[in-house]
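Chain nomenclature is as follows: A, B, C and D, assigned in order of appearance, with residue numbering initiated at 1 for each chain independently.
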Amino acid sequence: MKKLRISNKRIDDELLMKKRRAELDKWPTGKEVDFDEAVAYQKSLPDSKIWWKVMVKLREEGRMSVFPRAGTPILENMISLCQGLRDSGVVLIPVTTDSYTRLGQFEKVQGILEECERTGKPLLNGYPIINHGVKKTRKLVESVDAAFSPRGAGGEIAIASGLTTWNAGMGFLGFGSYSKNMTIRELAERSQNGMRVVGWYADRGVILCTDLHGWLPSSPFPLSVCIVCEIIEAVTAAEQGQKAMYPLVYCMGNMAQDLASIRLTPRLLREYLDKFGYKDTMITGTCPSQIPLFPVAMDMGGAFAYLNYICMIAALSKSNAVDLRSIDEGAGIPSRDTNSVSYRAAKWIFDVVREQKIELEVKDVDEEEKVAEIEIRTILDKILDLGDGDIVDGTIKAVESGVLDSPWSPNVNVKDKVLGVRDARGACRYLEFGNIPIPEEIKDFHRQKVAEREKLEGKKADYHTAVRDLWSFSKGKIVGIPPYNQ
Amino acid sequence: MKKLRISNKRIDDELLMKKRRAELDKWPTGKEVDFDEAVAYQKSLPDSKIWWKVMVKLREEGRMSVFPRAGTPILENMISLCQGLRDSGVVLIPVTTDSYTRLGQFEKVQGILEECERTGKPLLNGYPIINHGVKKTRKLVESVDAAFSPRGAGGEIAIASGLTTWNAGMGFLGFGSYSKNMTIRELAERSQNGMRVVGWYADRGVILCTDLHGWLPSSPFPLSVCIVCEIIEAVTAAEQGQKAMYPLVYCMGNMAQDLASIRLTPRLLREYLDKFGYKDTMITGTCPSQIPLFPVAMDMGGAFAYLNYICMIAALSKSNAVDLRSIDEGAGIPSRDTNSVSYRAAKWIFDVVREQKIELEVKDVDEEEKVAEIEIRTILDKILDLGDGDIVDGTIKAVESGVLDSPWSPNVNVKDKVLGVRDARGACRYLEFGNIPIPEEIKDFHRQKVAEREKLEGKKADYHTAVRDLWSFSKGKIVGIPPYNQ
Amino acid sequence: MKRVPTVITGTVGMDAHVIGTKVLSRALRDAGFKVVELGMQVTPEEFISVAQETRADAILMSSLYGMAELDLKGFNEKRMEAGLGDVILYIGGNLVIGRTDHKEVEKKFKALGFDRVYPPETDTDAGIEDLKKDLKAKGKM
Amino acid sequence: MKRVPTVITGTVGMDAHVIGTKVLSRALRDAGFKVVELGMQVTPEEFISVAQETRADAILMSSLYGMAELDLKGFNEKRMEAGLGDVILYIGGNLVIGRTDHKEVEKKFKALGFDRVYPPETDTDAGIEDLKKDLKAKGKM
């Protein structure tokens, strides 16, 4: 096999510092950041606020924390929201930023934020971390005994504020789910322009953790492409000096498949990180995450059941974190109360089930794991092939040729020639393979599984099946068995 | 092994008819019952109202129904309560009777019932089936497309009304949990006096189903005594002509132990029914049932999680029914709404998890099953020994000598020399064995498991541990690991 | 304490929920009280006659099954006639049917003559502390 | 139908939730409409200019991220100025932040000039039926 490479035009440190300043100068609060003082502040944080340490502690103690979503514009409300989370056992707290902040429209945010503070109304769908700046955000961090992670935006203002995660590497989430026109080349360049910020902190003894999202499957779709992208994210982040990371593993609702992905993802991550020579990069755990559509808010019963199913999966797989929504996921941004009750339910399951240290073997997990592993290795080989050993070049060519592809993409530069449906047991299968290089025998496996469902439903699976499947779980019914008494 | 016997003084049919009438004459509504018309009505019922057929259908179709609690005095409200249940997927509906009815105080009930109907207030804690009588109760049965079961009382008024279960045999529930002064001999006589009512119907082609309760462990306590009593109940009921039955399997909250009991109970039931020569008696399924204290009503999160845990156990064990409480279990008799939302949560899990046909192996299940099986066989051998082959005589002597014993009993004729606590994983263990004949090596197993917990908690387990354990699950914490960050 | 007060426990009416009153009785004994444990399904009349025989200082009733109010109809009058106006009366458990706000329940049962009314899952120590306080106040401890 | 009406779809403002509008667009096409699918993050101005260019009969906007009201400030005035008063305007999705009663939401957005307002998870067919009705009413179908 060729020597594996990651193209990376590194820039000199002086230019780096200039660029970092330029980034911060986009908004006045950037002035609050003094790089060395930020390092000092980070080093002054207790272990309970340092993301990677919290995760490792959770794993060592055989515990689990919910990793929720939480973002509301007014500082005081944000603090009380986070305290509510902590009270219900959450020690990994996100600072979900609003959409305008994510898009750098700070001017606009400022106006709305002032209106929020005047009226007391949450007019933004998240916490505008840039506009709030360091002083205020430190107040948030210091008022809750937990580790914080900026979501969607934050940059060095987040770090200076004491949040302890950073996303380096090729982030497919932004490319695949949030943007309309970005090209994969732009994504690669952005993550490859030598901005080794996370490395700069690491060199000074501040280890920032990251979660790997990969290419979010926004619908029932096999995870192989997503996991491939998490591996790409991992090695490119490691190249930037990221020393701690953990994968989000998207649970699509089929127990065997979910448990298989949870077992497979960190294993392959470790293997490829080592292959690329990043033996010192830690994998701090795994975080099962909920993807399929959520039961409509009106059905609180289904909402709780869905949450608790994911909690059971996380507990049975001995994960140390779980990315959980609230019972209001289908309705809108959750209130403090809906969050608390949701996470108390989760906590019950963690404390009662997780701590039983249950050892279990689920049939079909091995098969699902084998299938996914073959798919992932084949795709990665193809990518390294295309890049002639360079994973970044390979990735660019792979996306451009549809070797990496995902359905329902908002991005015009994505082929979007693939489609997924559930099989008779609710497992995700390829309906259309597009250009994803999947071995013939594996394709047959998918076809046969889909055929079982077609037999059960008495009609061919097609685009409309895929659309219906968007709701198969939120409506609390996997395909197949018709309603009782019919 | 000696020839197995069940003492049974059978009376002649004329006397039987007299006794049945006498029973019905206790309250005017008894007049509504014409035995032959009752048989005709039963035979006219659709399969969807016949308990044993519904259970078998559920099992064949790989489905599950909640088997809830439901009893409210006013007919109209009872109907709407049951319709609410049916809407949330319940096809096995109980008619929980009020406490006064259970104790035959129909005079008193009548007064209160009239006040209920006048004021519209539910002043009774259940449905007074005797006072309502046949016509009214048929209205209930006919207005909901599901099978009905009288709980606690009902007699032939229930049968004539179209409810399709009947409890023959030695019902330990009444003896062990509901009465203060009944002797085991009285229980034996009552169930052995030859009142072969269920057999009378069976002879006429009407098969009434029953659930086996055994001796309810009202606290964390190993199930072996309970399952022994279910076996006694089963064979004595079969002797009365009961052709269809299924066990309630009490889930105490430890997954390995719960799954073990669910696997073990029907297996041993079948074996002993056959041994006693009742090969034609059907076991229509298994019904996991929730026992430990419920999370206080205030914590809805915990309540949902607890319900959903039990549902997961039921789903993973492929049971066809689950005896489920509502999120208000700790608060009081549930309203129609709290029931519905609770059972919708359950339904989500059944439809999504149960129908995945998950095959799983949980470590320790085999061990728990082996331990319980040895205990049960040893106790049963001892009983047959005491009875010199007669299981009824043996049971009487066993209870009198504490060979059969259970903690926290309200009955003054129970030894109550035993006690249970949870181990470090939440499994139920014997703390005090009393006179239960448990083999030394099994006793050591329990002691060692308890010792693990004592080590973890740094103090000896005693009476106070057992009391604390009454709440270990309702408070959402199995013993062991101290709270995070301490 | 100089004098050992006598306390009667039990579930009233047809209530079969005996665990709570058992736990409570043992706790009272451990706290040094003389406990007359009547167990489950004790009639109001029995509470009264036993109180007379044992010269009890307090009656701690339990009821979980929701019928307490009906079970206690006329109880207060009877105990007054029996000259037990001085006996301390507590009751605890799920006193009514269904989910209700404890404040209302408390009002209801105080009207029935109870000095203190406890919600489900009350910690026994709390009740025992109250009892000591009330007994001291009456100079009975 | 004699004439094939033109419909514009897309998510307004910075909303990236594109799945819904994709599903909707395909459904509209299958129902025989000419669909100009703008995808996600379409500015109000773009909706207007495209409507002018394509002489669109209707605009079916989506917004799930909760910022629709802000995104649409002044939109109605602009489209009137642009002489698009006759264009049918629908919007659907999670239109506000958090859990709210749809009635209020509907009022809010009708005030912003929308003819119909749909809650999350609306079945596309429902919307398409409405659209046909409204187009027929305007004699455009």
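To be clear about the criterion, contacts are C-beta pairs under 8 Å (C-beta built on N, C-alpha and C of every residue); 3 or more make two chains touch, one makes a residue touch a chain.
Keep in mind it's a predicted model, so treat the numbers as computed, not measured.
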Contacts common to subunit A and subunit D (chain labels): none
Averaged-CA centre spacing for the pair subunit D and subunit C, given as whole angstrom: 67
Whole-Å gap separating subunit B and subunit C, where each centre is the average of the chain's CA atoms: 31
Cα-centroid distance, subunit B relative to subunit D, in whole angstrom: 57
Numbers and ranges of subunit D residues touching at least 2 other chains: none
Multi-chain contact sites of subunit A, meaning residues that touch two or more partners: none
Contact graph of the chains (line, ring, star, complete, other): line
Contact pairs between chains, per stated definition: A-B, A-D, B-C
Partner subunit B, residues of subunit C touching it in the complex: 14-16, 18-19, 22-23, 26, 39-41, 65-67, 70, 94, 96-100, 120-121
Subunit B - residues contacting subunit A, complex: 48, 61-63, 88-89, 91, 145, 253-256, 295, 299-302, 304-306, 308-309, 311-312, 340-349, 351-353, 355-364, 425-426, 473, 476-478, 480-481, 484-485
Contact set on subunit B toward subunit C in their complex: 99-100, 102-103, 105, 112, 122-125, 177-180, 218-219, 296-297, 328, 330-335, 338, 408-410, 412, 463, 467, 470-471
